[in-house]
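Paired with chain B in one complex and with chain C in the other, chain A is shared by the two complexes that follow.
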Partner chain A sequence: MIALRHDNLGPGLVVFLLLCGGCVASWFLIQPTLWGTVEPGYDIERMVLYYSTLPRLATALLAGAALALSGALFQQVLRNPLADPTTLGVSAGANLALVVVSLFMPGLLGAGRDLVALLGSAAAAAIVVGFGARRGFSPYSLVLSGLVVSLWCGGLSAILTYLNQRYLASLFIWGAGSLAQQSWVIPLSLAWKIAGVAIVCALVIRPLSLLDLGESSSSSLGVKLARLRILVVGCAVTLAAFVTSAVGVIGFIGLVAPTLARLSGARRPVQMIVWSPLIGAALLFLTDSVLQLLAGGLGDFLPTGAVTAIFGSPLLLALLPWLKVRHRIQQAVVRQRQRRWSTRVPATVALAGMLVIVALSLFVGRGPGGGWTVLSGEFLHDILAIRAPKVFAALGSGAMLGVAGSILQRLTGNEMASPEVLGISAGATFGVAIALFAVAPGFAGQFAFAVTGAIMVLAVILLSSRRSNFAPERVLLAGIALSAMVDAVVGVLSSTGDPRAVLLMRWMSGSTYLVDGTTASVEVAIGAVLIALALAARRWLDILPLGAAPSSAVGIPLACSRLALFGLAGLMTAAATLTVGPLSFVGLMGPHLAREAGLTRALPQMVGAALIGGGLMVLADLIGRTAVAPYQIPAGLVSALIGAPFLMILLSRRQ
Partner chain B sequence: MKISRRSFTLLAAAAAGTVSMPGPLLAEAAGQRIVSLDYGLASTLLSLGVQPVGISELADWNKWVVEPHLPSSVVDLGSSYEVDLEILIQLKPDIILTTPYLDELLPRLRPIAKVLRLEVFTPDGGPVLEAATAATRTLATGIGREQQADQFLRRSDVFFEGCRERLAGKAIPPVALVTFMDARHARIYSAPGLFHNALERIGVRNAWTRQSNFWGFETIGIEELSSIGDPDARLIAFDPVPPGVLSKLAESALWQMLPFSRPGQLSVVPPALMFGMVNEAMRFAGLVTNVLDQDA
Partner chain C sequence: MAMAERAQDAPDTTKAFAVDRIGLAIEGNAILSDVSLDFPAGEVVALVGHNGSGKSSLLKILARQLTPTTGSAAYGGRDLRHYHGRDFPRSVAYLPQDLGTGSDMTIRELVACGRYPWHGALGQFSAVDREKVEAAIAATHIEAFADRTVGTLSGGERQRAWIAMLIAQDARCLLLDEPTAALDIAHQVDVLSLVRKLAHEGGRSVVIVLHDINMAARFCDRIHALKGGRVVASGTPAEILVPETLHAIYGIEMEVISVPNLSNPLAYPC
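Now for the complex of A and B:
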């Protein structure tokens, strides 16, 4: 019945073409075996065909279908064309849960693997969707927080893996989504799990399609909105968790497939939910069989999931202009209680706290036996020469990240905005990756490549959002799409197990280890200049959050001021990333703590954020240096670990 | 614990005390305080009769290197990539041994002590065992222990020859060497790696004939093991095998079809370091010879 309608021709054709492509590619894969002579007894090629090649293709079909269905459900129920398990952080949540469990409680993995994945992705979904609900499911807020969670989970699992088992890159492979199979166990178990969820979906298709009528009409038709939402999101999360638990993170299929369905003419919810899985299955099938052909030729190990992410994230970029963006006027937080102190008190406390932390950090350490020591005597000078640059570099970077975070949060009116999501850090990482793998220069060379990478990304982002007058939403999403792509490339590099990947991971984990006196003084100087510039722009930052119209009305040049502020935030992030790595979330925490302390206007907030950000970073460095001495936990990782619970508390408090 | 000059002298004295224990070769070593930032160099140092004052990643020594045994007085310097410089300074080393891999640390190490940089794994280094032998001699020259190096390399020759003789004349199948990463992936070792060279040295064929990267390994899906043509080939897997891998493999139909799933075709042996030097090659050769000798 459905197939007879003429608006199904388009999607049908897409599925047909993709399947044809996949069949041709897989024909090349299996043809030599099929046409080979049948040897009696030991015929290993045929066995590989039956128990590796075919199950792998089946897994590709199933995983593709499941992810696409998950994406279509998310998009339908959240009414957001950018939602999918990758952009909502659901896959990355499952991945992080599995990594944590396999590192610290490997016994749980045997039976409870799916359960662990499910818990992880459910937690991620709860955070992201919960946050979205408070913002009226604004598409852009939702995806922004989803991608932040995704970045955080992805980065953290990579770093945890790197810190724990350097010689065993298995978790990398699996995190990067490899479809390699040696039996039918995985595709078969995946098949019945997916079928189970699909049946539930079939039952809710009708109420789900009524959602398109808008909230009030659909509830007047008897749809229990909240319950439906929870059920459908639950289905979508479960699908993504099953796939992640079976084969790892396969990026962006859940975004690409529904988009293709929509572009080829599917309009109604039923069509989307039927055609998306078919397209997704065909798409992953094609990708994986082509990849197997190529990998066979190159003799290289390429994880499919990372490759789909490399091709999927540009699509996200291309889709951005389609996203309806409404500028939301920042909800001024109305403070019920009387403010008990002026802005001077919290600023003084922040300053004092920072000074205490810096002093502690300079003089407390651990000795060769592991005991705690207060620095004095013979080694005072030598050891201070090692510690001081780290401490001041951390201070400078933390302060810059705090100010950059304040600027971004004010510009976008989004409390999830932080320098990590600008993609500049990712650009720097990418520069280092190229330096390590293609050019192999010394440390100074790596530094130059990092700066180049950061500047290139900043340029791309600003160029691509020029048409929208640097609308903050566009800028951030473009940044995140680029970060996802860079993450995927790094994933491919790491999963080959090449020891150089370890150097890259160290870079990403944000260690102040290699900072010397010169770097630190340059860092502090740059920080001072850029922060002074930011403080000078305080009027813009006080007015721009009120919205585009009021700002132009009082004579602020919109495009110009936004470009300047983004450029400033970008430079600060790039400079900070070079010492504390791409992932610290200090830029998220600093501005928030400052605002919570009552520093609400631009100038006090930035000053507070700089003090708090700098203090936090130095504290993170101190903890990382001493907690498990002589082994060091990178400062970036420590602060990201502090940042996660912070994020949750923050979200749960904003009712 | 506060580290004073006195407790340091005590520590040094303790270190010097244990130095005299392991063998007859350790006379004038007490004068030189040497730290090593590489497992292979540290074990070579021990074989040259010098006890390192500190090494990096001491905590994992028994997980990857195991032999030779490391005296308890050796101080842990933390991860190789991020050696704890504060502790390194307090150890007051005379010589620091490092590899090209840690070049970015050089500017930080040079002010602390004389740095000896030894190349074993380099992109155009050729067979690793030869490079390791050459590096052993360079190291010996650097610390004035040429004579001990001669003796050590002669011992290793005798050892390899012994392994070769134990296996000579027996029907020794080709072996494939892997580290399992999970139930679907493995790392396989081939030319020009250390393990491959050691296999050649004891006259055993490597069943995996494809060249790999200059560290001597590549990452493969388990199904690729089927490209090994010889049905008699043996598979030797090194510990640590991740939990659950062997039981999952046993369920796999493809694995059951591979010759390696037949009883006696797969052996799991204790860990041996693939990124090591002569000592690690000897340990590897010993492990492999034992396995093959038992079954031949």
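Now for the complex of A and C:
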């Protein structure tokens, strides 16, 4: 019945072509062994074929199908063309759970890796979907909060791995999605589990296809919405958790396969759910066999998951113009409360708080014995000369991130937008990675590379969204795609086991350890200039959130002002990322806290965000320096660890 | 101060807008074709037509939100392409159909956004600006909730607040895209009376897109009707409200009935 329909030709052709490509590539892989002479007795070649190569190909097919099915289910139930285990943070949640358990409670792994992975991904899914439910499942809000969770989990597991690298080196390779196999155990067990979930899915296809009608229409037709949603999201999460627990995080298959299915003509939900897994299986099969061919002996260690992300994200970028996104910019949440105080009060409090934190940070520390000391007397000058640059660099970076976050949130009309999510931080990371691996320059050289990386990412984002007049949603999506790609490249570099990867990790965790006086003064100077520019653009930032049409109607040049503001946010992020790493989340927290305090207009909000962001960063640096003295926890890590959960609580508390 | 005076001595012509053989095609679909219309100064002109007739697109062309594929449009005798920078928003204010909740702004702050064409991105927010904002708030009778945030207002109040922003813009011409779309009948009458008063007592020209032909007839001086992207009728309400013309506009049989208290007859489908 299904095979007869005209609109199944396209997806069928895609599956056929992908499978053909995969078969050709895998033929080249196994052909030498097959054509070799059969030696009686002990034949290593043949054993590798039977117990490593073939299971690996089978695993690729199964994992691809499972991820694609998971992605298709997410997209259908959330009615969001961008949902998949990667963008919703589900895979990253499973990964983090496995990292944490293997580090701190290795005994639990005996109880079952699947269970641990399932718990992690379920927690991530609950946070993201719960957040999305309150925003009416608006695609951008959902994907943005998914990415925040994803970034946080990914960053945390990377840093945990870095701090405990002796124990977790192999976990890292696995974490980036390696399909290497030693036996048939994994593919066989995966096959049973996936089959089980697939049967459940088959039972709910009918009610699932009614969801396209919209919430009230489908429930009036008798669909039990809440139950269906929980069931389907549960299935999708389970699939992703099984795959993650078996082979690690394999990026973007769940996004690319349904997108390919849709573009090649699959239209109805049934078609999507049938064709996506087939395309996903063929796609991962092709990718993995080509990767094995090209990488040769290195293939076992080059994680396929990272490679799929490297190829998947440009594809996503290329597909952007064809994606029809029905929801426009999410409106700001309507709040019934009046403003309680004038803007001066919170601004003054923020300023005072920031000054106190800076003073504390400059003068309080822990002595060699572990006791708390207040700086005075003979060492004052010497110690201040070491401490002051770090404190002021943290202050400048935090302030810049806060202002960049306010600009991005105002431009995109989305409260989850931040420099981390826009991919600019990832661009700077990429620059530093290249610098460390290819050139190995000093700090100034790294600086140049980071700025180049950030500006290149920004340029690609802006170029790819130029046709839409820099419409915020396109800019965000382009940023998401690029940051995923950059993350994957960094993942590949790190999984090579190169000692320079450790340097990169240290930088990513946001340590102010290497900051000296010159760097700090450059940082503060850049910060002052850029923040002044941002404050000058306050009128644009006040009016632009009203929407494109009203803004241009009062004479704001849309393309020009958006370009300038995105550029400004990009520069600030690049400069700040250099000292505090790409994962501090201060750019998300600063503007939020400012707004919560009642600073709602552009100018007060930016000033407040700068003060709060700077204060938070200095506080994180202080905590990182003193908490486990004489060891240091990087400031970026501290603020991400404390800040992101805090922010999630803040957001979930408010209705 | 000098700028504020300049708004008052805009080129004095009898026509606010004049469009000449305008065509608009989006992705190959003709939205408007060969539209030539005049919009007299000081009048309230309604654009009516069925859904998808191109009336909103025409308004967007007047507001310079869309550029016509062929033909030209002029305001005050000057081609729209020859306006630069903030000249145009100083003369023409536009109210789009879908309005945001205004990002936590109070009404007064929202109305103050209308002063942007005068002070620009960096200019000082002067005493004149402040006066104009207060005057706009007074003209639309929204003093009572001027310090509440936009999100807390009801639909009718929000429309008034946005219209106040347009008035603060100090433009001689207002372009309104279905300002009554989501309002109940009492608020519709309320907003349209305000618009009519602003035009006739304030000397402004208004172009307004309306769904309801009876509302258009009651509050507007002139009606331009579009169908399938072409002009099908144009004239005073009395000239439009005849069964043949209504049939030409909406494609269904319609009758009119005269009502004692109203100057124009009422139209209804039969």
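FYI, the second predicted complex is superposed on the first by the 622 of 655 C-alpha atoms of A that agree within 3 Å, B and C clash if a C-alpha of one lies under 4 Å from a C-alpha of the other, contacts with A are read in each partner's own complex, and residues count from 1 in each chain.
Here is the rule we use: contacts are C-beta pairs under 8 Å (C-beta built on N, C-alpha and C of every residue); 3 or more make two chains touch, one makes a residue touch a chain.
Quick caveat: nothing in here was measured; it's all calculated off a predicted structure.
By the touch criterion defined above, A:Thr308 reaches neither chain B nor chain C. Applying the stated contact rule after C-alpha superposition, one finds that A:Ser584 touches neither chain B nor chain C. Residue contacts after overlaying the shared chain place A:Ser245 against neither chain B nor chain C. In the superposed pair of complexes, A:Ile386 makes contact with chain B only, with no contact to chain C. By the touch criterion defined above, A:Ser425 lies against neither chain B nor chain C after alignment on the C-alpha atoms of chain A. Counting the residues of chain A that each partner touches, chain B and chain C differ, and the larger count belongs to B.
Of the two partner chains placed around the shared chain by superposition, chain B is the only one that A:Asp516 touches, whereas chain C remains out of contact. In the superposition on chain A, contact is made by A:Gly367 with chain B only, not with chain C.
Residue contacts after overlaying the shared chain place A:Ser70 against neither chain B nor chain C.
The intersection of chain A residues touching chain B with those touching chain C, taken from the two complexes, is empty. Interface residues of chain A facing chain C in the complex, by the touch rule stated above, are 331-332, 334-336, 338-339, 410, 413, 536-537, 539-540, 542-543, 545-547, 549-550, 552-556, 595, 600-601. Against chain A, in their complex, chain B makes its touches with residues 1-5, 11, 54, 59, 64, 75-79, 81-87, 89-91, 101, 103-105, 107-108, 179, 181-185, 187, 210, 213, 215, 217-223, 226, 231, 240, 242-244, 249, 251-255, 257-259, 275. Across the interface of their complex, chain B is touched by residues 42, 44-45, 47-48, 50-52, 106-107, 109-110, 167-170, 173-174, 178, 180-185, 299, 301, 365-374, 377-379, 382-383, 386-387, 442-443, 446, 495-499, 502-503, 506, 511, 513-514, 516, 629-632 of chain A.
Chain C makes touch with chain A in their complex at residues 63-65, 85-86, 88-90, 93-96, 98-106, 109-110, 113-114, 116-117, 119-122, 147-149, 151-152, 169.
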